[in-house]
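Heads up, the next two complexes both have subunit A, just with different partners, subunit B and then subunit C.
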Partner chain A sequence: MANLTVRSRVRRQLPTSPWLFAAPGLLVTGVFVLYPFVSTLVNSFTDRRTLIPGRFVGLANYRELLHDDMFWTGLRNSTLYVLGVVPALVILPLLLALLVQKNIPGITFFRSAFYTPVVASIVVVGLIWVWLLDERGLVNSLLEAVGAGRVGFLSDQWLLLLSAMAVTVWKGLGYYMIIYLAALANVPRELHEAAAVDGAGAVRRFVTVTVPAVRSTMVLVAALASVSAFKVFSEVYLMAGPAGGPAGEDTTLVMLVQRTGTGLTGRVGYASALSVVVFVVTVGLMLLVLRADRRDEA
Partner chain B sequence: MSVIEKVRPARTPAPAPRPQPRITDEHGRRIPVWELALRYLLLLIVLALTIGPFLWQLSTSLKGPTEDIFSSPPKFLPGRPTLHNYDRVAHTIPVWDYALNSLKVAVANVVTNCVGSALAGYALARLRYRGRGVTALVFVLAMLVPAEGIVIAQFTTMRDLGLNNTLVGVLLPASISSLNVLLMRNAFRNLPYEIEDAAFVDGANSWQRFYRIALPSVRGTLAVVAIFAFMGAWDDFLWPLIVLSDPDKFTLTIGLNYLHGTFANDERLVAAGTVIAVAPLIALFACLQRYFFRGVGEGAVKG
Partner chain C sequence: MRISRRTFAAVAAAALFLPLSACGSGDDGGGSTDASGKIEGDITFQTWNLRANFKPYFEGLVSGFEKKYPGTHVKWIDQPAEGYADKISADAAGGTLPDVVNVSPDLVAPLAKAGLALDLDKTAAKYKPEYLEGAWASHQIPGLSGTYAFPWYLNTGPMFYNKSLFKKAGLDPEQPPKTYDDLFTDALQMAQQSHGKVATLANVPTIEDFGRYGAELMNKEGTGFAFNDAKGVELLTKYKELYDAKALDPQALTATPESTGKKFLTQAVAMNPGSALDLGNFKKNAPGLYKNIGITDQITSTGHVNMYVMGVMVNSRTKHTAASVAFAHYVTDAENQMSFAKQVAIFPSTAGSLDDPYFTKEDGTDETRVRIAAAKSLKNAVNYTPVLFSEQMKTALRNEVAKALQGKESPKAALDNAVKASDQLLKQQG
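On to the complex of A and B.
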């Protein structure tokens, strides 16, 4: 004991300010998250470019947004993305979780296999599907083999957007499946038993027992999925190309931010105004989903 | 709970005409054969849909230049498997340099996130000081800022610091993520106070209590932070795409995007590139599955 005390006294020479513990994290967060956030807000009122410091231009960037067809295209595509992807990502992973919930032989293998797309980089996933959906790719080969015609998944504006949504859902299934599995483990079995005794079939029990029991998890999944769907970039960028498909009609809002604001001639001011829209809609979506949750409970 | 469970087996009529497999669910209840068959059928269908695309990519990458990769009906297995395409990728782009760049960023991201978030998390959970509330608020607010909404400003910040087009620039913005700080705070908070109090009485200072006592007790959460930091850096696309312009500095994902953009019509080549990029992570996942699954739960629910 005496030994320990002596050693402790030596070590006590180290500075022990709590701020030293928090400093690295605060520094990184301050310089690379909060400062850029504030500077995005400020820049959105200037005509700053990558190499030219900007002047204050008031609401000019925001006025320009309203007359920019590309902005409306981006807003439309990002909104469609939320509407297309979120219902699928709320329902399908829940069904998948029910499928892998029971501990039958080999189930851990299946659970892991279903999670694999989550682990892969979005670039890998995007390129895999570009090849699968190619005019001469596997999906079209299979379609042709069963007598259906070939489909131009990656050449039509709407099919492209739809294909990208399918890829997002495909990659997200496993992630949300794990969240649902955790929630399902907490559903008391008596509820199912009671419903079964009352003569409820599997579908009835799903609607009357499972769904209400995991409702708060469904809201959480809806919030997470809608925020990330609205910010979609990589899938569409890889499948439709940097220009955003035919005549740029598949451009999403974040693709527009990236295209407008980067490079040596990047319009930082205008891209910042676009970013503010991304931010406002993201927060709005969160609040909307959480509010819908509260109203349901009342 | 107990009543129903005890009654249940007795109520199940099981006049089995032939011996049934003794497969039961987690409550010890027997699963009927037809249900089991249906479950495995569905599982196999989903398996084909989730793993199939990866295998198709692998198969394409192993097909030689003379083999038809467009045939209908498709040929799932390469006739004469060859590593020729992997050789060609390495001659087309410096793919191993890109892999090394990705590895450097990913490993550095693991170190910075583990050290930084453990330190900050410990301060938030265990140290009392003026300004702790503000510190917590900073991390919570930062977590709510969508990364995609600030990439342009992050890019101009990097330019001002002279760090654009460097791997350090790729690393820094996510090097200590707020989510990880809050995860570590929760982990430290859930430790019992008594041991640390004892150490305090023995005269240990806050570094010693942190390093010797608290840190070893949160190894599980630290492993989750490490794995997701590695995966996040290895898989990231938008930020490196913006901050890197010099092909020498590319990470694997940016290199793949370049390969796809330049040699889109050479499917075998792109397939080989994607396999190189995804294989290490699948191997990592295969070894450390439980941490991946725990990370999803902790990150989504507690974060």
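On to the complex of A and C.
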């Protein structure tokens, strides 16, 4: 009888149990993800400022975006960042992974060395690169020593953007290399051996065996790299300065969000509209990459 | 558990519209504007990056106040320099702004507009005669009546120059430039002689440079900016010449005060503004430079050098108005400012303090020479940066100046655009 009571109570509680188990996670997601997201969305339709409550202004912020030169500069730079960084972060870590995959003496040291930039603080990395690329830094001293003359890595808008891209690629290589190493471990050795027997050289084996085998990983890397490249902030902020390079020409969209929406006079409403655009483009990029993958599979 | 559609709709609506509640008119939370009550209660005092170097001074200050007014307790907190405005804005928006806050005039302006800074003309007018007139006025906001912070310490500084670089360029190291014309001529010669390798200046002109050159920064009513006048355009045109000749460092367009300081330290630029505080830095980190350091007055066309003002603001929503006002006054009174000035190269804003022998008597050292010269110039110095000139406006000006220097816009067009953008931002600030 007692057993029956317990069993029926358990049965009665079953429908609520999943919600109770999920509650902590849902609460955290609700407070730290959903609420800020909805808040940003709502704010984007107001003229709210940091200390002044806003009024509903409809699509005014979005209309203003279209006429804001700095928004287009930000969109251009963030897009260029994706175009410059993503191919490098898809291909180079794969080559690096192939290199360190081999079991040769001392290879562990190189694996660790390639991964070190990933764990280094971006601020430290940024400052080191600023010192290296300064007008009187190591790179320019070397260029001058070989008679090439100084290059304005940190004063020319395009070179600055390229330099920041180089830092992003350099810092991200190790991270994506680890992902590729895991994928490469699953590629059957027999496939390579069979291709080799058929007379395929190293390049041919790479194109016909390795790439197809890790294609889904490449898509994953492309998606991850696209999203983080479009949302780039630290590298450009550290190298180009808070103003975003000469005349703000290196400003990225996230830098613009930070510059517009923070501080005591921050335009929270307008910065929220910018954030919504960043969100939409980021989701669009993800969908684009995944769609391209599906089309290739078909 | 089944969630009914109605419940789901209610939750979704709450999630959607809850944020809007934050957009409603802010509840003022109700502090008193009457500072005449009994001085008691627990208050919080926030400083701006001062704990690392002056912890004993502030601990003494706090315990002195608590001893003077039994029944009070002051909790001292310090925030790092980086992101200080963001920290204040987060606290202000979240209703957690400390009772007494270390501010600069540009920080106090938005707080006063949002009704978060106590009007001292109403609550503490009796203390006004204790301070230099200009210092007291530095926390007054165009468009608002009242004064919103006690003036605290002032700072100004000379121009440092590298005598060795001057000599190498064929310039007289004992005759540094005294006027803008001299400065531009010397800078061009320096660039020519060093084949563009040594620049004289490393900063693009800021709003205070335009003010010091004689441009009108704002209209009389304080409702719009005016630095695109003939003087402003003239200054920017001169800077363009310097930039083209590499007399202005090529990295000036992306420079920060820290990076230009470093360039001067490494002898990559010949002149840099600074304060008496920098001498110790030169001595310690660049002995080679220190041996060749030259010190000259700030260059100005108006007869008034630029000064920086720090203030101490009282949160209008404090629950202990009397104690907060008393503490803010205590921190900034003549005795405590003088005591602080003897710890670090700053200058008191209290009337008569600058006549103290500490600021008038030479002892043969460079530090004292700089201190005395600065104290003398402070008596008629001006805080050129308009209190309403926000960070966003500074960025707008900087970007337009950069476009002019790069030749993408004429100096006139660049300044017109900067004024237009700043006016627009001013309007949006309300």
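Here is the rule we use: the second predicted complex is superposed on the first by the 270 of 298 C-alpha atoms of A that agree within 3 Å, B and C clash if a C-alpha of one lies under 4 Å from a C-alpha of the other, contacts with A are read in each partner's own complex, and residues count from 1 in each chain.
The rule is simple: contacts are C-beta pairs under 8 Å (C-beta built on N, C-alpha and C of every residue); 3 or more make two chains touch, one makes a residue touch a chain.
Fair warning: this is a prediction, and the values are worked out from it, not measured in the lab.
Taken together through their common subunit A, the two structures put subunit B and subunit C in a clash.
Between subunit B and subunit C, it is B that contacts the larger number of residues in subunit A.
Contact with subunit B, but none with subunit C, is seen for A:Val278 once the two complexes are overlaid on the shared chain. In the superposed pair of complexes, A:Ala240 makes contact with subunit C only, with no contact to subunit B. Of the two partner chains, subunit B is the only one that A:Pro117 touches; subunit C does not reach it. Using the contact criterion defined above for the overlaid structures, shared-chain residue A:Arg49 touches subunit C, although it does not reach subunit B.
Touch criterion met: A:Leu154 reaches subunit C, while subunit B stays clear of it.
In the superposition on chain A, A:Tyr35 makes contact with both subunit B and subunit C. Shared-chain residue A:Arg205: touches no atom of subunit B or subunit C. Subunit A residues 16, 19, 30, 34-35, 39, 43, 48, 50, 134, 136, 242, 262, 266 lie at the interface with subunit B in one structure and with subunit C in the other. Of all residues in subunit C, those touching subunit A in their complex are 1-2, 15-20, 22-26, 85-86, 88-89, 92-93, 107, 110-111, 113-114, 116, 249-251, 253-256, 259, 266, 268, 390-392, 395, 398-400, 402-403, 406, 408, 425, 428-430.
Per the touch definition, subunit B reaches subunit A in the complex via residues 1, 4-5, 8, 23, 25-27, 31, 36, 39-40, 42-43, 46-47, 49-51, 53-54, 56-57, 60, 70-74, 112, 115-117, 119-120, 122-124, 127-129, 131-132, 135, 138-139, 141-142, 144-146, 148-157, 159, 172-173, 175-176, 178, 181, 202-208, 210, 231, 234-238, 241-242, 252-253, 256-257, 260-261, 267, 270-271, 273-274, 277-278, 281-282, 284-286, 289, 292-293, 296-297, 300-301. Residues 15-16, 19, 30, 34-35, 38-39, 42-43, 46-55, 134-136, 152, 154-155, 160, 240-243, 245-248, 259-260, 262-267 of subunit A are the ones that touch subunit C when the two sit in their complex.
Those residues of subunit A that touch subunit B in the shared complex are 1, 4-5, 8-9, 11-12, 14, 16-19, 21-22, 24-26, 28-37, 39-40, 43, 48, 50, 96, 99-100, 102-105, 108, 110-117, 119-124, 127-132, 134, 136-138, 140-142, 144-145, 170, 173-175, 178-179, 182, 188-190, 193, 220, 224, 227, 231, 233-234, 238, 242, 254, 257-258, 261-262, 266, 268, 271-272, 275-276, 278-279, 282-283.
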